[in-house]
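After this come two complexes, each holding chain A, first together with chain B and then together with chain C.
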Partner chain A sequence: MRSDLQNRAPLGLKIAAAAGLLFLHLPILLIFVYAFTTEDKSYQWPPPGFTLKWLGVTWNRPDVWEALWLSVKVATISTIIALVLGTLCAAAVARTKFFGRETISLLVILPIALPGIITGISLRSAFNLMDIPFSVWTIVLGHATFCVVVVYNNAVARFRRTSASLIEASMDLGANGFQTLRHVVLPNIATAMLAGGMLAFALSFDEVIVTTFTAGQQATLPIWMLEELVRPRQRPVTNVVAMVVVLVTLLPILAAHYFTRDGDNPAGHGK
Partner chain B sequence: MQVAVKLSGVSRHFEEVRAVDDVDLEIAEGEFFAMLGPSGSGKTTCLRMIAGFDHPSSGEISLFGQSVIGVPPYRRNVNTVFQDYALFPHLDVAANVAYGLMIRGIDKATRMRQAEEALSLVRLSGYGKRKPSQLSGGQRQRVALARALVNKPKILLLDEPLGALDLKLREQMQEELKELQRSLGITFVFVTHDQGEALSMADRIAIFNLGKLVQTGTPTDIYHHPRNLFVADFVGSSNILPASLAVKLNSRESPASLRPEAIRIVGEGGHAATVLGQSFLGATRRLTVEMDGTRLNVLLPNQVDTPPVGAEIRIAWDNESLHPLEEG
Partner chain C sequence: MSDAIIIRPLGFGDRLSDVLWRRPNLLIGLMLAAPVLWLGVVYVGSLVALLVQSFFSIDEFTGLINRQFTLKTYRELFTSPANLDIILRTVLTAACVTIASAMIAFPIAYYAARYARGRWKALFYLGVMLPLWSSYLVKIYAWKLILAKEGILSWLLDKLYLNWLLEAYLSLPLLGGNSLSVSYTGTFIVFVYVWMPFMILPIQAALERVPSSMLDASSDLGAHPAQTFRHVLLPLALPGVVAGSIFTFSLTLGDYIIPQIIGSSRLFIGQAVYAHQGTAGNIPLAAAFTVVPIVIMGFYLWMAKRQGAFDAL
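Moving on to the complex of A and B:
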């Protein structure tokens, strides 16, 4: 009981914390509110009235579907590429010693530290130099640079916590490389891959900067929203889309958090 | 008796380092064989080469007469108990033990029954549903043992299996391992840096130092006839007499070892010595004496009246106890 009393935060701190959280999240709620306003030219507060018609309008706009489909496609492909390359790279860095290992580790992480605009510009000039036309694949390539990093980071942390002798134990018990991968390695890194993959998907889904440099004429969902904001036509449609984007990116992140929550118990802890 | 493991001229070099250097070794079937040495002496590398996790830079390894050069671990009839046990954290105890059987495609009912049998062999019946993280160190050790034994290997390799256990548990497991080895009749190859463990458990011991095999023999043989300074010093405690003193005692120009318990106090004859100190060790009492400028430890049974510090005494030993050593 006493420790409860001692741990109780003072009222002032509670108010400050609440105010800070409200400041961060109220604007997002405002975006949700404007998705249901009856007024479509400017963001007038308070909204003159509420309607559900924008949901239907958005549903019937082909450009929204096109942008959504492109975003889902890009995020899915980038995530798959990131899962394969990031996990393999993590396995190499965590499990073996080779010349240049530290350099490779640094170079893999660099894209997430670099400003997106630099990644974007450099990729764009590289595509121009090599005469590569802009397409879904150029966007995917741009996104993969930072998606690989999040998968790599998750996987490398898990590999480091997993005892190296597990693989030897599996071989010792008669399992060949493929059986060991299936029965020992993958089950032990699966949740890390899932968490990394979901983060990668969310990152790719709402990426703007690198995309503007690598997309050419196509618009992913965030790019489409940016364009919509400049052209005041059926503005609440943008808000409806924004709501969807928030949900689509938030859910995987929450799920990733849920799956790695137990990860503090190191797997196969030993020497 | 058939030779279970044979190493001929085996070397393993990691770049400049000669981790294992020209080792010749034969382990007989059904033997409890210990590889003893300080850390970095090459004993673990030897074990890993027998298991197939490491490969010799040169030389030949054969198991039951078959060369295993280039044979991967999963095609060797050998199982290992790892130092950190290496239990699969995502599987429960029963699935851990049954892993080898599952890989061999044995049906679930059969492998679960055999896993339970193996668990009862190591006195862990009914623990099948637990996760390795819910077990104590000693229990994990037994699971690792059951997981290896359930495959009925011809050779069981144990890499410092008792290193992580506390003293009481270690002594208990030493007994159990010996008992298990006797009842199963499997060849055990046991790596340890603990000379007491090796002496008490093994039928034969190989002593490693700096990648080289220094001496092989029964515990008694190694204890009473250490080949050189290193063995005399590493196995048990020993008085090392410098060559200058040894030559006066046995007229051989080489250092000699003299076990503390081989020295007795005599009324007359023997050699003059001065008592420098003594300490009580429970069952025995240790005297430090000086003879001809060399300090010697003397181990006496506790019942014997011990002379006080500073006393002038006479000490003697049987001639065969003074054992000449090779240099190095």
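Moving on to the complex of A and C:
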């Protein structure tokens, strides 16, 4: 009797939790409705009618395509850099105890623990001091810096869960360090790296605060949206772009969840 | 069995990996070189350069930066009432946002930690992760649609014949405004909406470590659920709340886009930094302004560490 009662959530808690989740989700769903509204001058609700016209209009906009292309380019390069740096760092920190280990993890977390505007303005003033012109690479420099932490977190968790005896077994069986890396270590952490990479891509694809400082005149997709938010010119196109951005960021998140879902029992953990 | 051992000649890869195996410090050094160089040079380097510039000053007549050590910029920052006003407003808002986020996040985290099982648990996790990761600007945009004068909120209140309530609220001196989307309240709502998801997972992690036998024991000893919450659950969950508050507090402290798009014309620290480095070209003052959140967050992280919040992350 008693445990039965204990396992049922009180009604108040249920309502509060459900209300909280609705608060999180309803505004995003609203974006999907507005993408199809016929109203193009205001944010009128309920929409006077529905149309697919704006999808076509957005498709034919070169500025949207350019911004999208720049975002994809930046996110891809940043993700690759973050994957290399984050995994190396995680491998060093997870396996061994060395002097300054805490400092290293602080160094990795700092770019995300301090407000983004600080990263942004310090990079901007550094570019100024060194006369570096704005380019794709200045954006990448900022993005890769705060993407490292996502890859690092995923990789470090996986390294801690994989048993060290696997590596020793591989060495005992005559494999050298590189063969062990290729056939034992990498397959074990591959999905964690993939998940970290997905999240890093999503983070970079969406980043706007640091980017406003490091982009100069270039427009990534978030910068394009920011300009529309500050000075709305083509509301219907913005609505469609917002919907596409939601869908594009949704996929990497779901994929990352899928890849780390079984992360609690990787090989070599059956102790 | 004796011929099972095959001795093959040692290649370069074998010799190199032997050297690395015998000298683990060399291996660690090689692995850390690239990340530490990148973060050290790109990030810490430019951060230090920025902090150094906060000790420079700007010449009021020529607008050029005077590269001599001075505390003049800091004096300007802390003596001007307008600047103090900005700092106070930002810190108070960040504190309110943190408290509101904790209040909304707690029931979700508690339900997910204690009652959700199996498929529901995964669903809850995704239900938190998706809004957390979806686009920051799109979330702000969604609220611009909701809070607009002709938007869904006004429509809903109109249907419920509660428009007078909104009117009355908007006529309040500090919190109100022309419409919610240009009011201080609007800024607050969007801050809570955007940063609250960061609070849920740390609280959930802390709550999952609370054994349910403790709650049973508390109620067996005659505690009312409210008393159990106050004296058992909350103290045990506090490290998680503090861990989550690091995010909500820090992110609110440095944000300059939300108050710019949804809010009154009153500035936040982030906007001040942006304005001073941009149009005004006063890098020293902008740099001095960024020192404020750095110092506050440093103090906050130190307090959080003492609370044991980092174990809950």
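Details
Just so we're on the same page, the second predicted complex is superposed on the first by the 251 of 271 C-alpha atoms of A that agree within 3 Å, B and C clash if a C-alpha of one lies under 4 Å from a C-alpha of the other, contacts with A are read in each partner's own complex, and residues count from 1 in each chain.
Everything that follows uses one rule, which is that contacts are C-beta pairs under 8 Å (C-beta built on N, C-alpha and C of every residue); 3 or more make two chains touch, one makes a residue touch a chain.
In this text the structure is predicted, and so the values were computed from the model without any measurement.
In the overlay built on the shared chain, the residue A:25 is in contact with chain C alone; chain B does not reach it. Contacts of A:42 after superposition on the shared chain: chain C is touched, whereas chain B is not. Taking chain A as the reference, the larger set of touched residues comes from C, when chain B and chain C are compared. In the superposition on chain A, contact of A:110 is made with chain C only, not with chain B. Looking at the shared chain after the overlay, A:184 reaches chain B, while chain C stays out of its contact range. Look at A:172: by the touch rule set out above, it reaches chain B but stays clear of chain C. Of the two partner chains placed by the overlay, neither chain B nor chain C lies in contact with A:193.
Contact with chain C, but none with chain B, is seen for A:98 once the two complexes are overlaid on the shared chain.
Judged by the touch definition given at the top, the superposed model places A:70 against neither chain B nor chain C. Contacts of A:155 after superposition on the shared chain: neither chain B nor chain C is touched. On chain A, the surface touched by chain B in one complex and the surface touched by chain C in the other have residues 171, 176, 179 in common.
Across the interface of their complex, chain B is touched by residues 162-163, 165-166, 168-176, 179, 183-184, 187-188, 265, 267-268, 270-271 of chain A. Listing the residues of chain A that touch chain C in their complex gives 6-10, 13-14, 16-17, 20-21, 23-25, 27-28, 30-31, 34, 42-46, 81, 84-86, 88-89, 91-92, 96, 98, 104, 107-108, 110-111, 113-119, 121-126, 128-129, 141, 144-145, 148, 171, 176-180, 199, 202, 206, 208-209, 212, 222, 225-226, 229-230, 238, 242, 245-246, 249-250, 253-254, 257, 261.
Of all the residues in chain C, the ones that touch chain A in their complex are 11, 13-14, 16-18, 20-21, 24-25, 28, 31-32, 34-36, 38-40, 42-47, 49-50, 53, 104-105, 107-108, 110-112, 114-115, 122, 124-131, 133-146, 148, 150-152, 155, 193, 196-197, 212, 216, 225, 246, 250-251, 253-257, 260-261, 270, 273-274, 277, 283, 286-287, 290, 293-294, 297, 301.
Looking at the complex, you find that chain B touches chain A at residues 51-53, 72-74, 78-80, 82-90, 99-100, 102-104, 133, 147-148, 151, 164.
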